[in-house]
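Letters A, B and C name the chains as they come in the text, with residue numbers starting at 1 for each one.
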Amino acid sequence: MAPQYAPSLRSRVAPLLLLLQTGFIVIYAFYTEIESNIQVDVETFRNLYAEFQDVNVIVILGFGFLCTFLVRYGFSGSGFNLLVVVMATQWAIILNGIESLYNRGKVRLSLRSLVVAEMCAASALVSIGAVLGKTNPVQLVVIALLEVSGFVLNGWVLQTLLKVRSLNSIMMLHIFGALFGLMLTWILFRKESEQQFEKEKFDRKTGLFSMLGTVFLWMFWPSFNSFLVDSHTPGRKLEVVCSTYLALGVSAVTAAAVSVLSSPRGKFNLRCIMWRLCSLVLSKSVVHQPWEAMTIGFTAAVVSTIGIRYLKSHMLLAFQCHDTCAVLSTHGLPGLLGWLAHLLLQIIDCEDHTTTIRFAVFHICVLLITITISLSMGIITGLLLKWNFWKTPQDKKCFDDQAFWEFPHLSVLK
Amino acid sequence: MAPQYAPSLRSRVAPLLLLLQTGFIVIYAFYTEIESNIQVDVETFRNLYAEFQDVNVIVILGFGFLCTFLVRYGFSGSGFNLLVVVMATQWAIILNGIESLYNRGKVRLSLRSLVVAEMCAASALVSIGAVLGKTNPVQLVVIALLEVSGFVLNGWVLQTLLKVRSLNSIMMLHIFGALFGLMLTWILFRKESEQQFEKEKFDRKTGLFSMLGTVFLWMFWPSFNSFLVDSHTPGRKLEVVCSTYLALGVSAVTAAAVSVLSSPRGKFNLRCIMWRLCSLVLSKSVVHQPWEAMTIGFTAAVVSTIGIRYLKSHMLLAFQCHDTCAVLSTHGLPGLLGWLAHLLLQIIDCEDHTTTIRFAVFHICVLLITITISLSMGIITGLLLKWNFWKTPQDKKCFDDQAFWEFPHLSVLK
Amino acid sequence: MAPQYAPSLRSRVAPLLLLLQTGFIVIYAFYTEIESNIQVDVETFRNLYAEFQDVNVIVILGFGFLCTFLVRYGFSGSGFNLLVVVMATQWAIILNGIESLYNRGKVRLSLRSLVVAEMCAASALVSIGAVLGKTNPVQLVVIALLEVSGFVLNGWVLQTLLKVRSLNSIMMLHIFGALFGLMLTWILFRKESEQQFEKEKFDRKTGLFSMLGTVFLWMFWPSFNSFLVDSHTPGRKLEVVCSTYLALGVSAVTAAAVSVLSSPRGKFNLRCIMWRLCSLVLSKSVVHQPWEAMTIGFTAAVVSTIGIRYLKSHMLLAFQCHDTCAVLSTHGLPGLLGWLAHLLLQIIDCEDHTTTIRFAVFHICVLLITITISLSMGIITGLLLKWNFWKTPQDKKCFDDQAFWEFPHLSVLK
């Protein structure tokens, strides 16, 4: 008979986390310094701090509470999210600083480097959405560290081969994260998921918590999108903020409409609306007119709502790929759409044929490289995680807090 | 026998939303531009963006989660709120820009115009509070669009006839919204509400979600109040922020005290405290001393707590007017009180008799015009909504998510 | 037979709150003015307002929702928190202004004074954590007013005797609050708590609400820590923000690891992780290297997680001291650790022996004075609260909203 309890992670979680954390502290002790030695003026600090906070809210609160929708997986959804973010951020700071480590002997910590690191962590969160509930925290940390490494590597390759600006490569986080996650969940496929996991559902209250996370993502998304714009061009920033805001509004309305339209009884679907909201990837530097942004928002909403309705179950049957949070539809497809819109708008803007073709080739290469790296890193990570050493939870313990948390219903406070 | 299921909205929601949304996109394509072509400096952008975010938090999160208190209506409360806000905001941007459309041929989008549009949307949210749970999303969207039109019309009339500054007319949003909502709910009266709707109650958890919304309203209300103050007078802004903060504090304490005093068993009432908190309307430009603000907060709390306790059931019996969120007591009365305080303080400040009388007449005219327009628009909208075409939910399906949402308890995720 | 219902507080709550509130309004009417008469420039206002909002979020939302974890005490946890904060803040503003009252005849209200007052209120919230659920709202208000008085007195004594800058004395809020709370709960000890209160537990949903509060504390803690740094030195502020952020990250990871390590079945403990996160007290002015901050975070996490696991039950058995929110482990010990780290780092930095010894003596004196005042004020307050007049809830009504709130499950909305 199979064991009734989930395997104890005591001998895995504690050593791994303590070891990694001590390692990070040692690395930080020798190789980092805070930027403050250089002159920082009051205003720049305040502006950056505001942006830092907004991104923080998105990554910690928004993504964290978005994952609380599973009826018995709320503690894990929000708790592991926090754990993953702090590990991935520390790791990303080091990786992003390697170049400056060579040149100056030290990684410089600044608010800007913290935000960039959190964005890398966000791409790890996207990947984790695909395997949510089917992995244990040790695996999540491993996934996060490898995903971040892959993402930074991707940025470095793009920068070296194609001279893509480092901030622009961060735009690929949705595509990279989604594909990475898909490969993971494809390799870690469980038979059980074909008959539907018992606990993979949501109820009124967990739905509201998830709605809360969504609303925060919705409200602070303009900050996330506008962060990558040079702060010396407030006019440009304003454009991005207004466009993003309008696009989000349009996509909310469209997602609601399409979700009703595709429902036999004409009802709204919470998942469609929620997940839809958080996935808008605007090709930031080319949208100049509000209606362009709104059209992108409209199309993205249609594509991803239909994706959530039909693609998810299709992926499961056809490719044995069980995608808990439907990251393909919520991050992958809109990301691709943003990439396409960028290409189209640039082609329309451009009058010179040679430049147009050169840009198209360049743009397609960026995508192909990103896809290649994310797919291969996803497969490698997936294979690594199949190893028994990680004590993957049994099928019956999937989507259940009880496997990882001292269970509150039974244990009373002491 | 009456049908067991709520009527399917498929043929109403989807076409309406898609049509409206496409229409908006077309209008935006031809008639709007983003302000960024003009010079924007970094600091102004940052200040406005912070205010924009705060108002966003109030409108989306604060109002949205305030409406989650109904035990079976949480998804609708927060979800429809979002839907209404984004529709109303897009519409209000166009309406507010009509003047600039005549003069310059284009509506200019800026952060300021977005915030003003969101405030118009807030007045629609106030109205919707009165009919919450008794209407379907199609009706809500129609209400929102008509209410916003009425509110902008009101501002335009005040501006044309009485030379009221456009920002000052926004101050009337609470009175306008509350009266509009009252008329709506009076015309849409259902017999059922006399014996109490079965599902119109709250439980521990939905109460907490609602508390969360309240707390956000409470925290960000000073931003909402101070937005309308000219940003070139930070001293004035500081005054408004401090006054609002103190007034909110005093009103929280007073509401708690009055709610205990008016309870037979000496217990607190969550609704009194929650709804009380969010309704403070300070007559912003005349309060110069902290104690004045505190006294207004005190009086407003007494009036509106007593209103919630006694007025609501009285309104139902005497006028057949079932007011779900007690918007009369939480927005209408405090709004009137703010109007009165403004009048009194101005009279005390003024030494010249002629000016005083002229101001009083002017001030009373502003109120009368607002009341007239809001009442008549409310009646028109109400009559329009009685039309069977809208498929109003049956009495049994009121206050129930199940009529509009794919029900999570039964359906498992796929 | 003991009475079945909790005693009605009608004759206590309402008069006390109304009396206090009217008193405050009178005091404010005669003795305060808003600073705006003096010149305030736009940027300073905006910066201070952002900091004010962040501290507001921490105190109202963070602390408030942290206390919602008790399964039947959510309304009280968040509602009473708000009540206590607004009373304590109003009182602290007056107390902090006494000096300026002497010199200029008026207390000047500014955003800065509001924030300082909220920090004093935060120290009261820490104390209240120790008696949460075992006291009624009247007692909580009395505790808050006395605690704030004690805390301001402490600051005044430190300033007079030892010339400690007033902002630095605020750093002691965690130690002061924790010890004050411990004394309170020691004196108010109930036999019942030895066999575990029936309702002192949490469930999935209340745990998530509490997690929400934690996450907000986590995200805005850097603002809280950096507020006390002079705003004219943005470089210094940046240092504090980065250090706090890293320390929080490290402490989250460490708390998770230690909580798994100390659990027999290798599971996470929500309380350990949650409460751990919010308690970091960085000795702000001496940490210059990221690794120093990270090491402090690491140590604090180990100490306080172990404290929550073992110290709490030990305190109960050995000292009859039932500490609901484990404030000793979450605020007291990390506070002491911060104090110690400050001492050690200063000693290492300092090369001159005489200066070192003088600093050590000074630093120890600061601690001793704080401990003395907090312990004695705690004992006095505790004795005062044993008085029957306050109608302490019976043991059976502890941790139960039903004693204080009109109960939602039974009463339907009218």
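Things to note:
FYI, a contact is a pair of C-beta atoms (placed from the backbone, for glycine too) under 8 Å apart; a residue touches a chain by one contact, two chains touch by 3 or more.
In this text the structure is predicted, and so the values were computed from the model without any measurement.
Under the contact definition stated at the top, the chains bordering both chain B and chain C are A. The pairing of chain A with chain C is characterised as different-residue: of all residue numbers used at this interface, under half are used by both copies.
The distance from the centre of chain A to the centre of chain C, each centre being the mean of the chain's C-alpha atoms, comes to 35 Å. Across the assembly, chain B contributes residues 43, 46, 50, 205, 212 that each touch 2 or more other chains.
Of all the residues in chain B, the ones that touch chain A in their complex are 5, 8-11, 13-14, 17-18, 20-22, 24-26, 28-29, 32-46, 49-50, 52-53, 56-57, 60-61, 64-65, 68, 72, 74-75, 78-79, 82-83, 86-87, 89-90, 109-111, 114, 137, 205-206, 209, 212, 401, 404-406, 408-409, 411-414. Against chain C, the residues of chain B that register as touching in their complex are 43, 46-47, 50, 54, 196, 200-205, 207-208, 211-212, 215-216, 218-220, 223, 231-232, 234-239, 241-243, 245-246, 248-250, 252-254, 256-258, 260-261, 263, 265-271, 273, 288-291, 294-295, 298, 312-313.
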